[in-house]
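In the two complexes that follow, subunit A is the common piece, with subunit B as its partner first and subunit C second.
Entry: the complex of A and B
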């Protein structure tokens, strides 16, 4: 119980991101962009319904990545300015500090992607009276919400492993590679091992054309995989962090 | 527990390149601080004071040696429930208000939720920051940040308070308030370990000091034992100028007080002590004799000068 309180105390500092007005401006911009896809019926040769689903999933993924990499800036700043030292002078283990950051930013990411998902559902239902929200469509958005967890774990790991100046860049590069890049997907150890297999959370094609029925079991297994990968990444970060001298 | 801090052979080298000889930031520090003391850890910049504190708080690892804080090694997380710590340049999350930040600290200390709000209000009142309780920490000045730093350090009613340069950034009024807080903490049974450059303040509140220079401890002990008697002072009451004039030639320093009295300083020689005692016997209550003691500042500079003098 004590451990949970400590982790949640640090997490409550991390989800302060949700108080920033810019986050809601970003969400509004995303929803406006999703809404404009409705006007592309001629240009998309009548495929504007699929286009809207695809755009919504793509923008939701981008929002999730932005939230995840924000933690690299936050942890780096806290280490540089000595905020982390002040917190770690309290009865708080270094691992708990990192887990707290991971939990906090994951919650913030899930809230942001959740709001985009809800906004998309409202826009899609209003735009296409005849079409309901398909399960695959919804599943695609739920998987993006779940992908926030391994992406945040990657960001936490890089903010501890590499210098501050390249932590965010390294995180973005790895997330980009981890989204099914042909160059690495043949190397089993690297892809889905050292790098997370973020393609597990990518249902853009299936959702846009409603071509496959994805079960809830798949969602649960992908989420479980994301959590297991996050445990691995956080453990590695914690091991390195435990030997690090703090400012 | 007799000693609140015990340090044996503590050495810290910061990483350097393989072909370069490493210079220690702290070398073979041996120090014992008894329970209930206000210990002033003094030394010039780069002497190793902050390094020592960071090792005690487990923020950095020592290269060799051993440190015990409240009888436990610094990496014991639970012992930190009994410690309050103010870093040398306190920094907090700029998006949080003072109350929110202290609430996070209170949760980390495990302060029960029913008393958390009251305790936060108490410490904010102690550091005179109640009216800024809802303000964002990002907008605070250096002095205000320092006050919040002190508030978070005393939040848990610590058994040991570790303060790194606590007087920096505070105005004269704030410095006096902090000295009062430190003395109040001592009265509650808290031991205080602090570093400072402000020797006059350290002299007023410390009962023990340690002086660190170039990574090595030069001396440590009770302040009244370390500061040697340098001579005697003769205080002459107003209206007795003739007594003062008789002694002027032997005095090393003479001060005419605004009330018309005199204060004459003499070096500590046996013959002058005899003369002063004779004056006292002859003039009774018109004069008073006190011993003059070396100031901490003089003692500090003497020690540093001796340590840095080329051999």
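Entry: the complex of A and C
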């Protein structure tokens, strides 16, 4: 119980993000951009419905990535300023610290992407009276929400593994390539184990056309994979972190 | 310290093993959900292939709106752009329809290739326009020099379109039968009979389809046949046209004999123009030729409506 309280105390620091007004302004901007896709009916020759879904999925993914990389700045800042020095005096505390950051930023990311998903549902339903929110569309968004967990784990890992100046860039590059698995799927060694396969959360085309059927089982298993990968990434980060000298 | 390191390593190994197993299972599941995944571009687009395709599509629409005509250079550019769009989103139905049609005159081979790609796309399996357009382009615009198998491919495409079309099927089946007839005419022989002209070839094509359907429109359908509700009427018209095209040609007469024996055994047809005539008729209503009278009472010459003559009560009747 004490451990959970410790972790949640650290997590609450990470979701300070949700208290920033700029986050909600950015969410509003995202929703405005999703709404503008409706005006592209002529330029896309009537493909604006699929376009709106796809834009929402794309912006939701970008929002998830931005939230995830925010933790790299936060961890680096706290370590640099010695904010967490008391907590990090014991090796066990370091693991708690990383888990707390992971939990906190994951919750923040899920809230942000959840708000975008809810906003999209309202906009889409108002824009297209004849079309309801299809299950595949919703699943596309829920998968992005689930992808926040492994993305956050990658961000936490890189904020510990690499110098502060390149942690965010390294995280973005890895997340980008982890979403582009056809480009790197020749690296078959333990793919999805050591190397992250974020493409498992990518069914954007199917969601945009609302074709095929993404089951709840698939969503649950993808979420489980995300958690397992987060365990690996956090363990690696914690191991490296335990050997690091801190001021 | 050592204990913690071992615990960390153990957790990592277990996580990697479980993660790999689960990932490989999920990749299989994903390939079932997303049937065109293997056709996607391998460019590292961060999973935003669909969005890249949307942008490319709008740029394509913009480009297409700015050109006055589609000659060879424009067709090249259109084909290049279509390939880029479809590599990122193989399910963009409109790209096959509009793009393929745009280059059908100036580069029919590439147009047919685009249409055929769309026709065989699993996610567009309910679309009949794309295979129909593919068949149309292969039949009308592609030459034998471009593709010696074009008619075979066109027939396959029309057959695919007809199987998906529902109410539009009669329109497509006409195109299919004409292509089939062209193939027969190209071969020059049908069931040991020399094919003499297009009308003759069309008759042979229809009879082939009749046989594939098991002799009736309602028979259980073999996989490569399709339901043509008015096939019998069409066959009769084709037979009339074939006879009219060369009334004395032995090859046509042999084919007619073969066809009529099977198709119209329950009908009485004029020997000259092959029009059906009714019980009691002495001359053909279409060409005036004397016909074999049937179903009249030999005693009073009234038309027999049943087993007994309704005029004199006789039971005999002419066959």
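Definition applied: the second predicted complex is superposed on the first by the 237 of 247 C-alpha atoms of A that agree within 3 Å, B and C clash if a C-alpha of one lies under 4 Å from a C-alpha of the other, contacts with A are read in each partner's own complex, and residues count from 1 in each chain.
Going forward, contacts are C-beta pairs under 8 Å (C-beta built on N, C-alpha and C of every residue); 3 or more make two chains touch, one makes a residue touch a chain.
Keep in mind that what you see is a predicted model, and the values were worked out from it rather than measured.
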Looking at the overlay, what does A:16 touch: subunit B (first), subunit C (second), both, or neither?
first
Looking at A:162 after the superposition, I want to know if it touches subunit B, subunit C, both of them or none. Which is it: first, second, both, neither?
neither
Does subunit B (first) or subunit C (second) touch A:2, or do both, or does neither?
first
Where does A:93 make contact in the superposed view: on subunit B (first), on subunit C (second), on both, or on neither?
first
Looking at A:81, would you say it contacts subunit B, subunit C, both, or neither? Reply first, second, both or neither.
first
Identify the partner contact of A:224: answer first if only subunit B is touched, second if only subunit C is, both if each is, neither if none is.
second
Can you tell me whether subunit B or subunit C touches more residues on subunit A?
C
Determine, under the contact definition given at the top, whether A:238 touches first (subunit B), second (subunit C), both, or neither.
second
Output check: A:66 vs subunit B and subunit C. Expected answer is one of first, second, both, neither. What do you get?
neither
Both subunit B and subunit C touch subunit A at residues 91-92
For a test of understanding, state which residues of subunit A touch subunit B in their complex under the given definition.
2, 5-6, 8-10, 12-13, 16, 19-20, 78, 81-83, 85-93, 243, 245-246
Complex interface listing, subunit B residues touching subunit A:
14, 54, 57-61, 77-78, 80-81, 83, 85, 87, 89-93, 95-96, 104-105, 107-110, 149, 152
Quick one: which bits of subunit C touch subunit A in the complex? Just the residue numbers, please.
1, 4-5, 8-9, 11-12, 15-20, 22-27, 29-30, 33-37, 40-51, 54, 57-58, 61-62, 89, 91-92, 94, 98, 123
Touching residues (chain side subunit A, partner subunit C) in the complex:
40, 43-47, 50-51, 54-55, 57-58, 61, 91-92, 175-177, 179-180, 182-184, 190-194, 197-200, 202-206, 208-209, 211-214, 218, 221-222, 224-225, 228-229, 231-232, 235-236, 238-239, 242
